[in-house]
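All chains are identified by letter, namely A, B and C, in their written order; residue positions are counted from 1 within each chain.
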């Protein structure tokens, strides 16, 4: 009765997360009062347990559930990063939730199900699994964006995100159906072997159209230009811890899905998709560099910054080589740490019991809160890509990969936009260190936030001293993805 | 020519004949169900009930029917005419079409389809439209409120009924109603194995047919009879017939799923002399008696209590029972095939 | 055969006609009712195809549950379609133009190439003797178990999300606590006193 199709072991971390989520949901539904407090740490703990379950797993690809699910070295690496990022951004939330009076158990549980969806995205091995996992990951995010339901900005953000997200899902599903219709299979590995067997014969036009639709849907989830319109409004309107969550793990999951799709089934057709990715990358870098300059709200600024960073990471994808994949993974690993740290600092911007978001509120921070100013300055330098910090190395890997793939002009565009982008990052540093002090911020109520910010700051500053773990495991993951 | 007759016309004719064979006795049964209801309630309340039309009032239902037939049909001016007229017809027709798959005895069934249970479920889920259409088309507040109540109630209890049925289906291993009955010949009646589900089903069909104590859609005290308040004469009669035909249909489903359909209680001599359809009719009558009994004895539920019972008691209980049933069947290796 | 053909044409005609009426009806409630008719008659078409399980599920799910809620919303909202359609003629040329361009483009894209499908063999249809309920079930719970379970998780999240965004606990609402009612004893609230005549309590 229970045949080989039911071997759960390749999906053990996902199964664990799912069961943990169900159990916590059941407990929380019965013990609502107490659950509001203890659910969040437990969810973060279950992320860490799931990450531990992933460590030291066999990197050889194992299929499960009739080929809809694959566990390989690439998936393991990305999942560990996703889980750590999700746990990190979740730990930023408790102080904000209790200050704003929305400390409810649904918040961490929705984050858990979203993270489960991300892990499943990374392991998706068929078009259908891709779509389902993507929905499981984005549905909770829509709700989270509107979590502060009595605030009009948050509900607007949630609604906007939902409507546009549904549109993107539609595009993606349409693309999936075209690819399926023109190839007759849903599975990535079968697609790959069919294409390889044809020896680079021309892809049916319908499948190309489908692929473009799928990439467009994913570009929406990545917030890459021209599918970025929702980003600034959603980032600004959503509660700050949700924005922190949005910038970190989901980006990585969507990138992993894109990488798997382009480098496994469609690896034979690099020429077909490379131009699309290059176009999106250039547009994203340019928009990220120019549109952020005029912003006065720091969350909005981070939205444009994230669009720019997606553009840089896409440069690595556009390279179309194993080196490019490696560079993307390193870049995203570093970006996760920087963005979580930055949002940790934003969550410390609390004045007389109210959270503030204007960049001018940071004026003279170096005098009232030197440590926070130092950490934020570190993140800004790193986001701008100033040499000894982690962000510089991320960009270096990506641009090198582009140059080796004969895309020198793309790397040049990347460097130029980085220089332009550095302007607004450095402006924040200038405001913190050289402007007249504004009123000082409230002291931190709980140590959790400070700890996360300190840890990320140490990682960003210390990366050049110990780049090994990230760079080498990313290398192994890239190799596992390309199957060489 | 003869080929056309044998191939096309005769089967159609046969179908019409068989349909009439079901519908006519059914309408008669409906008529006498109303008589039985009045008599039984009267007995329970120490009254006599209808006594004057015919011996013991036996012709009373016919007189009532004739009266309704000859009254003038009133259509309110502001009503949405087409929908207003269609609503009672929909209700009445839906109460009849369910009978197509009911097996009256071994092989005695109009359409022996594989998904008989689902068919009945689909037909009963359509039933709500007659009421909603009536409530809306009447353009009257009481009618609309009644329709709202009724459809919320029917949709809620349908879920409980659906889950209850699943337990039976797992045990029988088929969606075909005849096979479900035959499975009970082997396993024993499912009322023994699934007694709690039988109780839930019995209560749910009261709610599903909008009968006492769940007759909130027709709550005279607050809604002046609810969705059908604007209807008169034959249109009203169709609602009335539909409601009672639905009661009989639900009782039939209940006796097929839980009481072994046409099977005798024990497979030994004196019981087996009585033919299957008679047993079936007796079982249906027993359940109908419960309907009437409930009407005579129980006070009406409050609306929030009704919803609470459906969603918070029946739904989880039925779900739990599915888990228990399937768990037990897997553990004891009882699964069909 | 002839009966089946006749029935097919009846159902097909009713489906198409009611689909047209969904758009053409002036009253939105009529539109929904025609939509329901279209659902029911397409269920009939499913039966003719031999997919009786899908037919019944279509009726139970779409007609019995989804369309009821739909009908409610439409009935309660009291939408004035005539008003909504006011700008219709004004935008008609633009819309038609966009549609035409899309159509031509699609024709150009797909017309130039023969449609090439089936890189791998299509899965076989159900073996004879297996009802389609069984065939569907055995696929859904084995080969597509993972996706089925994921769909369940998505629906769970949808429920949790909807409750999170809309449920408000009203502290002033009076709720029934059944177990408290049942466990109430006369001694908790009732005090029996002997009252002497003409003295009061």
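Quick note on the criterion: a contact is a pair of C-beta atoms (placed from the backbone, for glycine too) under 8 Å apart; a residue touches a chain by one contact, two chains touch by 3 or more.
Everything quoted here is computed from the prediction, not taken from an experiment.
J.: So what shape is it, when you link every pair of chains that touch: line, ring, star, complete or other?
T.: Basically the chains just string along in a line.
J.: By C-alpha centroid distance to the whole-protein centroid, which chain wins?
T.: Centroid comparison flags C as closest.
J.: In terms of C-beta pairs in contact, which of B-C and A-C ranks higher?
T.: When the contacts at B-C and A-C are counted, A-C has more.
J.: Roughly how far is chain A from chain B, going centre to centre by Cα mean, in whole Å?
T.: Centres of chain A and chain B (C-alpha means) sit 55 Å apart.
J.: Hey, how far is the Cα centre of chain B from the one of chain C, in Å?
T.: Each chain reduced to its C-alpha mean, chain B and chain C end up 24 Å apart.
J.: From the mean C-alpha coordinate of chain A to that of chain C, what's the distance rounded to whole Å?
T.: The mean C-alpha positions of chain A and chain C differ by 34 Å.
J.: Counting only residues that touch at least two other chains, what does the list for chain B look like?
T.: Chain B, residues with two or more chain partners: not present.
J.: With touch defined as at the start, can you tell me which chain C residues reach chain A in the complex?
T.: The touching residues are 109-110, 112-113, 115-122, 142-147, 150-151, 153-154, 156-158, 160-161, 163-165.
J.: Can you list the chain C residues touching chain B in their complex?
T.: It is residues 1-3, 27, 29-30, 33, 36, 40, 43, 52-53, 56-57, 59-60, 63-65, 68, 71-72, 75, 131, 133, 176 of chain C that touch chain B.
J.: Would you tell me which residues of chain A are touching chain C in their complex?
T.: 3, 5-6, 18, 25, 64-66, 68-69, 104, 106, 109-110, 113, 116-117, 120, 128-129, 132-133, 135-136, 139-140, 142-143, 146-147, 149, 158, 181-185, 190-191, 194, 204-206, 209
J.: So in the complex, which bits of chain B are touching chain C?
T.: Chain B residues touching chain C: 7-8, 11-12, 80, 82-83, 113-115, 118-119, 121-122, 125-126, 128-129, 132-133, 136, 144, 148, 151, 155, 158, 162, 175, 304-305, 308.
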